Amino acid sequence: MATLFVDLFGKTLRNPVMNASGTLGYGREIDPLWSVDTLGAYVTKGLSLKPHHGNPPPRVWEEGRGMLNSIGLQNVGLKRFFAEHFPLFRKRNTPIVVNFFGFTDEEYIECAASIEPDPLIVALEINLSCPNVTKGGICMGKEARGVFSIIKRVKETTPIPVIAKLTPEVADIVEIAQAAVSAGADGITLINTMPGAAIDLGTGRMAFRGGLSGPALKPIALKAVADVSRAVPVPVIGAGGIMDHEDAIRFLMAGARAIQVGTATFIDPFAIPKILAGLAAFMDEHGLSRLSALAGATHD
Amino acid sequence: MATLFVDLFGKTLRNPVMNASGTLGYGREIDPLWSVDTLGAYVTKGLSLKPHHGNPPPRVWEEGRGMLNSIGLQNVGLKRFFAEHFPLFRKRNTPIVVNFFGFTDEEYIECAASIEPDPLIVALEINLSCPNVTKGGICMGKEARGVFSIIKRVKETTPIPVIAKLTPEVADIVEIAQAAVSAGADGITLINTMPGAAIDLGTGRMAFRGGLSGPALKPIALKAVADVSRAVPVPVIGAGGIMDHEDAIRFLMAGARAIQVGTATFIDPFAIPKILAGLAAFMDEHGLSRLSALAGATHD
Amino acid sequence: MYDMEGVIRENLLVCQDFYRCKIELARPMGKVIPGQFIMLKIPSAEVFLRRPFSIYDCGKQTVTILYKAVGKGTRALTSAGRKERVMVLGPLGHGFRVHQGYTPVLVAGGIGIAGLHLLWKQVKRKACFFYGCSTEQEVPLLGGIDFNTRGRTATGTRQTCGDLSSEHGQPDTPVIEPRVCTLDGSTGFCGNVVQLLKSSLSLVGEKPYVYACGPQPMFASLKALLAEKEVPCQVLVEERMACGLGLCFGCVKKTLDEAEPYKRACVEGPVFDLWQLSL
Amino acid sequence: MYDMEGVIRENLLVCQDFYRCKIELARPMGKVIPGQFIMLKIPSAEVFLRRPFSIYDCGKQTVTILYKAVGKGTRALTSAGRKERVMVLGPLGHGFRVHQGYTPVLVAGGIGIAGLHLLWKQVKRKACFFYGCSTEQEVPLLGGIDFNTRGRTATGTRQTCGDLSSEHGQPDTPVIEPRVCTLDGSTGFCGNVVQLLKSSLSLVGEKPYVYACGPQPMFASLKALLAEKEVPCQVLVEERMACGLGLCFGCVKKTLDEAEPYKRACVEGPVFDLWQLSL
């Protein structure tokens, strides 16, 4: 029997499959369907220092084989998350990755500072796809210099490993990833949603704007993973349109150490347990005993 | 009966529907199925000063509801195009847009200089998604400054209207479009393919890399069109995943003056004539007499 | 909760654009509270996300929805044949809470009737039913509702609203008074269902409790109508959904809760207290 | 040329992984040259691009393909039922050019037989046929070919290659000599079809002209075999295609033409002169 264990930042995770941030609520919503300890690690909904209301509806839009969302980062804030939602993960002994964001450099630092290290916290995942209000709303993750300085200051603030989660809406994602790593990032998550728009012909209403996720994103994500994992020495976590275990394997082959499943869960709430089962079966079928054997497969 | 006429750079085109560059061969290949004068204008395959061999196969890859291509800009060169292929358009009295590229700034200038003005040439469409060999292979269209200087020099070289065709792999496509316009671009085509990758699980071979086109690209393209058409005073030409007349209308509603159809033709070689028929029927059904009425529809 | 396999057993046109679809499930669904919904995976590769539908009716191992073809997904569903396989997730969400000591007044606009049918079936006491639609062609939507009519027809008779509370009143027997209106006046009262309710509200009884489902603009006029007498009211809202499980925060409705205004229609709803919504 | 609607009339498993699919067209296809192909829109929303298939056979208003299930598209096609609608674009590409004064020698590897069947049917003179496959299970693929056998079975008999040119030879009658090999030796010659050809080439006749279709590595060994005697040879190549019409330049094969090495398999091919390819 193949093992799915994976090492990440000195911790050993049960398996390489996480949810993508913002796609599994606070965890408690899915727990009645399957226990959160099914996950290699639970990635929190994007959290901020203060609670955040998010955008008015409509917030989701189907678009071909994908969807657009403009949730607007609604969340209960870090404090309430740890008070109300973290206990479930403690009870289930499930490692978590704390995804967080801010609208200024300082907010990022304050967030990171406010998170107490805990044996269950694998890493902090910095969502860099946020508008920087001090720079006229330009997205944080678009400039290598800006990314470098946020990560550097966050690293100085916290002893917890730090993952930079990058937006694909950049000219050269490798350059951004390298900036993050040289600032001390311990890992890179690729990719966040791609900004897009849709127009409802029926109503003739103006374009719905939101972040594109799902299969439409997959080729862009796979390229980012393949390019970045060759260019940086830290683990890459892949996300973007992973719908089944074959997609998961593609990302692992492309160079991801672990993967995150988002939109797939909306269509099939059991997508994550199914991916895990499929992954194990694939490994057994191909006589692979460790996940790292997959990554090798593509380097021929 | 609605008219589909559209004004572009002081010329009146029969209709707003063009092919996307590189997706209708040299024109002669489709002409036996439907006359090239069906088009508002024919956009040439990307042409260069000298003939170009292109990449070894495989060059195309199906990817969900889209495809990746790595044709590598194979073309017969500007000279042979005008000698061998242009006469068809002369015979059919069909306006053309000359799409061209280079690997250095100088090559762009030389290309533009070599193209004689002709009543049938509506514009030159500069493909800015090319590697710049003098800058270590970085894509031409990624830096506002680089785009500005190429367009400025091309504009100084030729009296023919110039369209900048932009890559979506940038941090802020509006910024690039504005740079092009301030350098004198007469129009903007949005968007070229998005770089992506795929992995064939069967063979376990390394990622196929290529430009993503087709429906998967549509939300990204629509957003680019909506954003750029509001930000620049010149006409925007929309492309990316237009499969039917409803998609065409979405792009016109989002602010495009004209549209280009690429990948759709591979799946249905009659996609372009069908889109034209559908467009006319839609206008009649909704009592719209001019295309400009569509653009208005979304500004409520 | 399970994601249940289902087989379409019936997918009938009830009247123009409206269909009733009965699905046989591979296992029992569990207890359903009226107002709850399912997330249905429509068997068409063109449709990516699931779609939410109120549970119109349910049996031991069946679930029935009543739906209106409005867009890509619902149109694709109309052409799903018998025996076609689907996936059904449910029952989902918070349904109606029926409070003792009130007269239930059900108010359905158009396809909103799908969300109230089960409540009507389960209310074991005197109650009223107001139904509004566009034209008499849509009146057959009422046809599936069991109005134990005592000499009155369920549809279409042009009648004024009698004194419901006195005329009938056997304990534990629903009062059988569907009132119908059409926007074009082709049958019943001429106007929308809130106008109809207004014209009849004084007759409804002592302590009305309104349960409403319909197009969203209806809720604002309902609020205006009910505000004076502070009539309690629960509404079933519709919002675009991605997951139906509270995972994505895509389906929110704005409430008057200032600390956390946006509540998820799929878990905190789809039934909300009208007086807590920000309309 | 038209994009023709078609209806699947037959979609049969010939042997493991191999299927024959007959499509009735809404209108006649026009003259077909052996080696030409169609672009088939497979009726599955999961399959985006069309897929190219050699015209295995054609009637007035029918076209038949023989295909191997190898990936998403061909696997989806296996489950297309009778009466399913498809779109068929064709006939496409440059087919085989048959030159007078030569003995046609047809060499098919595996599914390559699909590309040579029509040529065999149309060659109205003495000719040879070599067929190689993996195991005897695939020999039924020959079954559709009309070998007017004169006492010999078309398949499976373990036989050495006789002197074809002398044994038969009625003008305008195809010589009926299928030679079979299998990679595992389970029937016929043990080896691949180029090895089989090598073992028999001297017996083929005075002026052989080889027409080949099969897996791409076969062409390199064919080239090595035929080089010495400069035997003329045309090969039908397979390449991923997007449009099939010469529009996308996605399907190129490398040739020895230095000025323009990459030629489109869909218009300049799919049949190329072996001696012009860069393998």
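Note that the chains take the letters A, B, C and D in the order they are written out, and that residue 1 is the start of every chain.
Here is the rule we use: contacts are C-beta pairs under 8 Å (C-beta built on N, C-alpha and C of every residue); 3 or more make two chains touch, one makes a residue touch a chain.
Just so it is clear, the structure is predicted and the values come from calculations on it, not from any experiment.
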Interchain contact steps from chain B to chain C (minimum; 1 if touching): 2
Listing by label each chain that touches chain C and chain D gives none
Farthest chain relative to chain D (centres taken as mean CA coordinates): C
Chain B and chain D, separation of their C-alpha mean positions in angstrom: 38
If you average the CA atoms of chain A and of chain D, how many Å lie between those two points? 49
Centroid distance [mean C-alpha coordinates] between chain B and chain A, Å: 34
Got the chain B residues that touch at least 2 other chains? 63-66
Numbers and ranges of chain C residues touching at least 2 other chains: none
Name the shape of the chain contact graph, picking from line, ring, star, complete and other. ring
Could you list each pair of chains that touch, in label order? A-B, A-C, B-D, C-D
Using the touch rule from the top, collect the residues of chain C that touch chain A in their complex. 1, 3, 41, 47-50, 71-73, 87, 89, 239-243, 245-254, 259-262, 267
Chain B-facing residues of chain A, complex: 63-66, 68, 138-139, 142-143, 169-172, 194-199, 201, 204-207, 209, 212, 215-216, 218-220, 222-223, 226, 241, 246, 249-250, 253-254, 297-300
Which part of chain B faces chain D closely enough to touch in the complex? 22-25, 29-30, 32-33, 45, 51, 53-54, 56-67, 69, 71, 74, 76, 202, 214, 263, 265-270
Quick check on the complex: what are the chain C residues that touch chain D? 44-46
